[in-house]
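Notes to accompany the following structure.
Read from first to last, the chains carry the letters A, B, C and D; within each, the first residue is number 1.
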Amino acid sequence: MEKIRTRVQIKHELGRALLGEFVGTAILVLVINTVVAQNVVISGTSKNALININFGVGLGIALGVAISAKLSGGHINPAVSIGFLALGQLKPIRFLLYYLVQLAGAFVGAALAYLVYRDAINVFDGGNRAVVGSKATAGIFASYPAPHLSAFGGLVDQIVATAFFLFFILHFTDKRNHYPSWTQPLLIGLTFVTIGTMFAGNAGYPCNPARDFGPRLFTFIIGYGTKVWCGDASYCWFWVPIVGPLIGGVLGAYLYQFAIGYHIPAETEYEVVVTRELQPLTKEGEVVP
Amino acid sequence: MEKIRTRVQIKHELGRALLGEFVGTAILVLVINTVVAQNVVISGTSKNALININFGVGLGIALGVAISAKLSGGHINPAVSIGFLALGQLKPIRFLLYYLVQLAGAFVGAALAYLVYRDAINVFDGGNRAVVGSKATAGIFASYPAPHLSAFGGLVDQIVATAFFLFFILHFTDKRNHYPSWTQPLLIGLTFVTIGTMFAGNAGYPCNPARDFGPRLFTFIIGYGTKVWCGDASYCWFWVPIVGPLIGGVLGAYLYQFAIGYHIPAETEYEVVVTRELQPLTKEGEVVP
Amino acid sequence: MEKIRTRVQIKHELGRALLGEFVGTAILVLVINTVVAQNVVISGTSKNALININFGVGLGIALGVAISAKLSGGHINPAVSIGFLALGQLKPIRFLLYYLVQLAGAFVGAALAYLVYRDAINVFDGGNRAVVGSKATAGIFASYPAPHLSAFGGLVDQIVATAFFLFFILHFTDKRNHYPSWTQPLLIGLTFVTIGTMFAGNAGYPCNPARDFGPRLFTFIIGYGTKVWCGDASYCWFWVPIVGPLIGGVLGAYLYQFAIGYHIPAETEYEVVVTRELQPLTKEGEVVP
Amino acid sequence: MEKIRTRVQIKHELGRALLGEFVGTAILVLVINTVVAQNVVISGTSKNALININFGVGLGIALGVAISAKLSGGHINPAVSIGFLALGQLKPIRFLLYYLVQLAGAFVGAALAYLVYRDAINVFDGGNRAVVGSKATAGIFASYPAPHLSAFGGLVDQIVATAFFLFFILHFTDKRNHYPSWTQPLLIGLTFVTIGTMFAGNAGYPCNPARDFGPRLFTFIIGYGTKVWCGDASYCWFWVPIVGPLIGGVLGAYLYQFAIGYHIPAETEYEVVVTRELQPLTKEGEVVP
């Protein structure tokens, strides 16, 4: 084993990081697309299934972040990367490379999800891949706006939702908050569950330019037609979940610093208390010591 | 404050323990009865609401155990107490006293739940408290069997469910498993969420003689009539969620010891590894260190 | 970065605390109002969506408490602040200032939620903002009683629910219980999930005078009319979720101390056990060491 | 007690391990089969109940892994064991023995579930045990493909789902990731909740040859007839949830190593940071220190 490791291991840190972002984003999109597929082509788009989608998507983010954390820092989202870029914690060239492999990972994740649900999609739409109508399945892969949503409303939705996401990513990963490493992917995932309960009704809360554009490109290539870019709305949608999250990512990162981060007292104002478990002197029959 | 504490504090450990069991069981029953009330008189008994009930009840157990853990060990259930009695970890007299205050706490919890939902119940049943029929509300407080359930089936249900519960309570509180104290009430609550997804369809998974009999007595006293004892089934039900859990509690405690507990290697076979957090040397832009 | 910090950081501890309460309460109300908005104007008020609302609201509380904890202690609720006031842990002037910024934060959170859901609300009600009727949307922002609920019943509901909340906030933050810092916002959020499963059916469990009055004032200002104060009930409702929670907050704080807190043994009765992870000597193929 | 332990304890490590796998798999199948039974014969197969099934099954895995972790490593699934076999962490003879007791445990778990739900199944199907049709109950115990699923699609589903599962089991149990022991069964269970939200619609995500074949054999023996092997599909199904997971288990184990594991930097590249809790100097009225 150790021999294989030595031969296989990518020596350059950047190479490992790009691999991590690729794998993490592929996992993320595989989860999100299959979760939505199940609701579109099998369970029906029952509104009550929202909680099932929200938890599936949130856990998908937790798993994608966890798997890539040690290699790349677990961004798996250009909106997260641009937030760190804005705060000077990521170099521009690295941001661009991350963005590229995130897109590639998202594309592969969508293809995997398609592989898993091809039988079901075929029976559902009779082989006629559609972006709009009652047998539309393009929404499995990329986001489309609800009928009530204007282009401006969509942009607001994506900016606010992504800023909210970055705001808490920065909180949970701020070393001064001392969240144990293992909790961070889970807490980021739970934040996205919250975002699902808040924003799902407008446009399916993509909040991630790679997660949205990669699968959209995939649907275009496999024959969903040009409607994947503009759907049936009076405006083109595809750029909204790209531009909105990128703006929201920068906004959320700054908001965290100016509203919270810069004001947290330095740790010298704190006293260190070593963690310890206290257990009462033995008493009979106690369940929780 | 410190002065009040000195004057108020119960000096005798047993007194504090009985107070803990009383408060914890009252909390438990307040949660369970209001959770079910909401589904019976307001949301309707929609089956899809099962997950809402399961989480509400499980969290109620977690909260009840947590609040009483330091004073009494957090049993809040005679079936749990009898399990510890069977293993020689609780004295018989203490078991009896625990049982009594658990019953009293359950009675008070039911009364509190009734206070909160009296308006809703009055509108729902027009002031006519019923145990059976489409306007029955007795099921808010105590358990009643589903129409398909025989007396024997009910006994099996309660024995298996409660043995399952004790089996995992002993696992989570076994010191050799090193579950941090703060996790134990939550894990016991999650075990009961699981039990809800497993057993709810038979008789509402009471698994607790105090939680069931206390509220049942309360409904009898406030005028639900003698049907609270035998309902409309061809057999009397009320003794099943008393006898079943007490048998299941003993069975589950022994099962844990004979199937798992006695076989866990002594800790001398283990090497001690001090917990530590590892953080990579600073890299730019990483979310999860 | 360090330079910006030095220039931006609020030097006075009270200033930082008020900022924390403002931001935390705004986050809280943004979450709660968007979660409810999604159910009112998009998913429909399907009862089965209760679990989705309960988790959304509970996670919103967890996030709001977490983000403000280091700056202000994470009250984000006058009922919580008055509880600490009653126990002598918060000065009266500080209580008043907290209350004011909590109200301001709640107002801003409601405005943000309105911004996000304006398109959807416009399509839903045709631009006719209503407090009652099938197209009413005022319930997105502030609480309104269910038809069955009397003024007295509403007061009982809010007192019991908020006392329950404070009871467990004090438990989870009691230093003697040694809950790790990072778990406390989550456990407080889970307590509120529980409260949602218990009390949602009466009046939507506001349990927070700022969270309720701030958004109510916002709806009054943007044109929902005077019905936001008294709705269609035979009594005025708006004061109930102010007075009830304030009473409940004081009651819950005292209840915790007298029923539990004062009776927890001093730590000198405990032996200190240093936390450690035990790992078995290497065995082949084991999943969980 | 100590005396009984000495007499009862299985002295040989392999014997204890086989006991652990037997008990853990029995627990797992008892949970999964009762969870599904509740939905099939009592709640109806309402699609909205998916979240209830997903959490029940995921928690069942968490409990089964937790209870057997110290004795056997908590595989309770031949697909997990074959993954460790492929990585050279389990000897072939041990793999075979694990597989056998996992099958036996699954059989016993199914029998227990049948005992608990016999009344309900009898009322539901009038005593006529059926594999297909509106009164079919065989799906309580073993998996059957959805009508849209081809044999190839089913194989893809089981390979991808199980590879996903192993991928994350290896992540969570990789010592270099320092997940605390107590979190590992829970995180493995949450991974399976995610798999439920992703794959449930195709064939009920068995992902475990023992969990599927043991109960299938049980249904054959108690009189469901030969249709349990091939159902009503144009192809035989029973071998798919055996072969698919075994392939997926090996694939997922290698994928983890080649895509992630081999690239994680050695710990010498990390600096050790001792975990500590920081608590601010006492300030008045703070909830979360």
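A few comments on the model shown:
Methods note: contacts are C-beta pairs under 8 Å (C-beta built on N, C-alpha and C of every residue); 3 or more make two chains touch, one makes a residue touch a chain.
All values derive from a computational prediction rather than experimental measurement.
The copies subunit B and subunit D differ by a rotation of 90 degrees on their C-alpha atoms, rounded to the nearest 5. Of all chains, the one whose mean C-alpha position sits at the greatest distance from that of subunit C is D. Where subunit A touches subunit C, the two copies mostly use different residue numbers: shared numbers make up under half of all numbers in play.
Measuring from the averaged C-alpha position of subunit A to that of subunit C gives a distance of 26 Å. If you average the Cα atoms of subunit C and of subunit D, the two centres end up 37 Å apart. Within subunit D, residues 48, 51, 66, 70, 178, 180-181, 265, 275, 277-280 each touch two or more of the remaining chains.
Against subunit A, in their complex, subunit D makes its touches with residues 47-48, 50-51, 54, 87-88, 146-150, 153, 156-157, 160-161, 164, 167-168, 171, 176-180, 183, 190-191, 193-194, 197-202, 257-260, 262-265, 275-281. Subunit B makes touch with subunit C in their complex at residues 1, 4-5, 8-10, 16, 19-20, 23, 27, 30-31, 34-35, 37-38, 41-44, 46, 48-49, 51-53, 55-56, 59-60, 62-63, 66-68, 70-71, 112, 115-120, 122-124, 178, 180-182, 265, 267, 269-275.
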